[in-house]
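First chain A sits with chain B, and in the next complex the same chain sits with chain C.
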Partner chain A sequence: MNLVESYKDDLKLIEKPWTGCWITMTVIALLLLPWFGNEHLIYMGTLIFIVSVGIMGQNILIGYTGQISLGQAGFLAIGAFSFGHMAQMGLPIGLALLGAGCMAAFFGVLVGFPSLRLKGPYLAIVTLGFGIAVYQTFASFEVLSGGRMGLVIPKFPALFGLTREASMYYFSLFLGIAFTLATYNLISSYMGRAFVAIRDNDIAAEVLGVNLTRYKLLSFAISSFYTGIHGAMFAMFMGFIDPQMFNFSESLIIFVAVVIGGLASVEGAIFGAAFVILVPQVFSGYKEFVPVIFGVTVIFIMIFEPLGLAGRWFKMRLYYRNWPFR
Partner chain B sequence: MKKGLFWILLLIICMSLPVAAMAADSPGVTKDEVTIGMTCPMSGPAALWSAMALGNSAWAKHINDQGGIHGRKIKFVAKDDGYNPSRALANLTEMKNDVLAFGCVIGSATANASKDFLLTSKVPVVHVHANPRIWLTTPVAQRRHIFIAYPDYVDEAEAVTNYAVTKLSVKTIALFGQNDDWGKGAEEGIQKAIKKLAGKGKFAGFITFEPTDRAVGGHALKLKELNADAVVIYGPPTQAALIIKEMSKIGYKPKIFTANPLGDPLMYKIAGPLWEGAYPAASGNVSMPGVEPQADKVVDILLKYEPTLKGREFLGVTGATTMMLIAEGLKKAGPNLTRESFVKAMESIKDFKCEGMGAPITFSASQHHGLNAIRVCEAKDGKHVPISGYMIFKPLF
Partner chain C sequence: MSLLKVDKLTVQFGGIKALTAIDFEMEEKEILAIIGPNGAGKTTLFNCVSGVYHPTSGEILFAGESLLGLSPDRIAQRGIGRTFQNIRLFNNMSVLDNLMLGRHMKFQRNILQAFLRIRKEELLHREKVEEIIDFLDLAAYRQARVIDCPYGVQKRVELGRAIVMEPKLLLLDEPVAGLTVEEKNRVAYLVTEMRGRFGFGILLIEHDLRIVSRLADRMVVLNFGQKLAEGNPAEVQRNPEVIRAYVGEG
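And then the complex of A and B:
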């Protein structure tokens, strides 16, 4: 979009003053939302921030590193149930969140090993199998998940005189922004460039000195960490989880969000999360046609916006950059 | 480009709508309309239950055609949650400021995830089709706007076991149940009954299954090894039909007893002729279509407004009972309708039968589990014929 004249320019998070202006306005609007919005808006906002974190993680794996994964529900479940047990043991929320993310990252590394030998649909099948195995394990072992009865999890407390819902909203917003900045930083670093190199051509990347084993496993670990945090936040938000919430369709929804939002795009991850949350909700009154509407919308976006919502966003920014001259 | 702007504006308008609705003094009530909301799985794994929303909707239309209640027509808003708890909760928060009451919420996972919201939102809730024990641990003051007439699994299984042993001469009973509080509640009920029967009956064992299990041949073999006279099934229609077929294949044909969610004669379509002779329990607040005239009268009305209910009449009638209860509450609340007056009116409902169907429902300030009752039926010639009277248990709360 812009002429990049130095590496410093390339690392800039905010390129133009106007970009800084609208980002600041958006953040202020989001900060003020609990004061002016109703409970439903706060609920939807919180859910979008939480899901965004997971989608960003999967975008690192699928979009930036090019490793097709369909096992996201497994990492979500690991994060959610790990958090649930740690929270029930009385661990502070921050520590429990970190523990949940690390647990998911550990399993991410384990699942990442097959990626060293497998690609494309074969890797997708392996990760799919992982997601199903995790679901069955949680459903079958009551000690891990409360069985089919699920786990009741302490919700986020009310802080600073705010309601519990508003407190959770701000916490999710804070984490959403933190993970967004972390992701921008990551993809601008050597590690991010290594991921992109692996995606574009792994043999060429290796020839150029990228350690495939290390960076593929790192990509799995980081993306699973994000997804684990997503699962933990979701568990804390809902206050109740059971294994059925992490079935295969959850993996598909996350995959759809990554692609619809826009592969290899941080803001695309946020758009993708908003899409998979808002579309079923806005059309929920259409009852049994909701899945049909959702599917048709996905088809239309893929036909008319192959780069996803981030592609449309890019075109809009390009248009307004030259506005009113075209 | 203009199209892009249009969509952004549309999204902003859509998201602003609930804010505008907040302004109302008495949510969901206008001079000539009262709004009732429902979240229901209309797609996804539990889409069959959408018939309950149709039943609810059809009865609201029937009431409206008769002039409404105190001059107000009922506007029924149903939203699909796909049996996804986060979507169900999103639907409920979206409707919170636009409806007088929720009627109803369906499914244990959905109910568990929505429990805190339902308790704190102060929106009246009529019927939660889930294990009523989830409310037992909640503060009494918080649940005063929640009204339930759904049978307890433990009491139900105890009564079914007692009936099987004392009336149908069953000596040993095995349980085929879902690996959750549903199946485990049934196990507790059966154990309680066996203990009280003091040697007249024996509990052979509990074989569990997962909701995703479809290959139940191994489960059938285990049940055959237990060699019980009767198998009590606590699970969804799919697994019930599959286990009956598998047991039949290996020549094991015990008497079949089931939980009330299998009280729908639709089971004949799923299990086929093997369903004949089974003993399904039926919830105490409904009568049986095709057998009892009260239910047939309701079915005729429902089919007039929602012809797509054909073939799913029992679920339709079950759904309609929610609207019947709400209508009774609206009548008693009088023309000055608020959430508080509606709750008080619901608490004054005494010995109410939904269009003459089922056992009497009674709510009061201290009793919000208005009916805890079942009947035992027998599957006969494509119908579920009640063979016991109403077994009414002590309400849980």
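And then the complex of A and C:
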């Protein structure tokens, strides 16, 4: 039996022992992957962890706070290039990551200001403009982008006798888990509640004493911090960046991942990240059809499962939890 | 000193005068009803007091301090809570979370506590919220999503969300509209109980005159943005101007 006996029980991160069980098993499986999986699997895993951090951030903004943003590539680029420059200056990786995140968060706040006045599609247009402006800035100023050759970034070092790839894998796994936990904590706290309140009914939220300015800007700052970290990790993973990697279609892919994974869901962010990484891999022979697959999936998701893959996942769990009753 | 003083309040939307030089005062722990036909400006008045609209001219004093130019969240912090005529709840949250948001201002907010899952505050405020859940008899709906709850329950949740703010002044915009007779009586009871138990001053908009005249200590009648009459319910209902506005020429 799983009776809630105190208010404290209601606040537990993992409610059912069974949930804890399979989460532990998943984490152990992920930890063992470098020993059993091939190089390609490690590559994919690393990429999914990195991307899911960014998708989680954008899910906080788009899914939870309801501020539609299409400028993610801008924050990615800011994160990646700040990390690149800081790493080239010889800063330790942790510090450079933090710096990249904070730089993106700073620009997030700047972009957040229009959100105080604009809603829905209008905000989407402003953020879209921001994304393109950042791309153009990096493309035209060689001081920032490292010129035609792009910016070469020192890769993650090999640690504890592991290969370089495996070290990077563990580092991104660690970051992915840390950010997942932080996101779960954030959204179940007073702040997450305030974000959802702003999405559901901003006037009512304001009348209850939620400072719209502060929380909208906070949401922008936090989400761009995540995206900045995503960009920085991606830069380190690739070992090389140029502005072309952060064009508008990158924003769209992140947006698609948020929607397909499931709005306002942390698991959804991970599913969405896995989707946008795995689909191009599976259909690598038909590259030109990947956007078509994304588009069609979004349409199907919108019609049949508005909560995305996370909604499906939730229903599946509910089904097995209640089995054989329905 | 009066709890709320509205002085020559005028609101203009372009050429339309929604409110013209409205004056009234209310004391602490008073239940003051605002009545009037549709479009009289009652909700506009509420929106001005709670900071959603900014009046064209005039003054609103709450406990002696001006509320003009403050944003709604600052006004909420001063101690004014409100409900809405057409329910404005956070539809995708549970009833419990809706009520917890009412405690938002009282939280000691700390971004690190949020990220590190330190939930001492949360438990503290949960106690208070549970008290109100008992008071409003919402225990059966605690974990239900608000949008799945019946209308009467949603009305009560909205009432509860305003109560947990522990305001000094509560603005209730048609709290019994659309309810059954039974539910109406229950809300009427809750309103008087709220004053007795929590000591709120209550400013009330209502169309159901039978309920209002039973609840209110005094009434203010608005029509076309102007104050028609003020006084205790019996006086107001005998006022010929009021009868003309409500029933038409006799």
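General observations
Going forward, the second predicted complex is superposed on the first by the 302 of 326 C-alpha atoms of A that agree within 3 Å, B and C clash if a C-alpha of one lies under 4 Å from a C-alpha of the other, contacts with A are read in each partner's own complex, and residues count from 1 in each chain.
To be clear about the criterion, a residue touches a chain if its C-beta (ideal position, glycine included) is under 8 Å from a C-beta of that chain, and two chains touch if they have at least 3 such contacts.
Owing to the predicted nature of the structure, the values given are computational and were not obtained by experimental measurement.
Chain A has more of its residues touched by B than by the other of chain B and chain C. Of the two partner chains placed around the shared chain by superposition, neither chain B nor chain C is touched by A:93. In the superposition on chain A, contact of A:288 is made with chain B only, not with chain C. When both complexes are overlaid on chain A, the residue A:191 reaches chain C alone and has no touch with chain B.
In the superposed model, A:280 lies in contact with chain B only, and not with chain C. Look at A:316: by the touch rule set out above, it reaches chain B but stays clear of chain C.
Under the contact criterion defined above, no residue of chain A touches both chain B in one complex and chain C in the other. Residue ranges of chain B in contact with chain A, taken from their complex: 1, 4, 11, 14-15, 18-19, 22, 42-44, 47, 50, 53, 77-82, 84-87, 89-91, 93-94, 96-97, 109, 112-113, 115-116, 178-182, 184, 210-212. Of all residues in chain C, those touching chain A in their complex are 50-52, 71-73, 76-77, 81-82, 84, 88-93, 97, 100-102, 104-105, 107, 109, 111, 113-117, 119, 121-123, 126-127, 130, 161, 165.
Of all residues in chain A, those touching chain C in their complex are 7-8, 10-11, 13, 182, 185-186, 188-194, 196-197, 200-201, 203-212, 218, 264. The part of chain A that touches chain B in the complex is made up of residues 36-41, 43-44, 47, 135-136, 139-140, 142, 147-150, 152, 155, 234, 238-240, 242, 244-245, 247, 249, 277-278, 280-282, 284-288, 290-291, 312, 315-316, 319.
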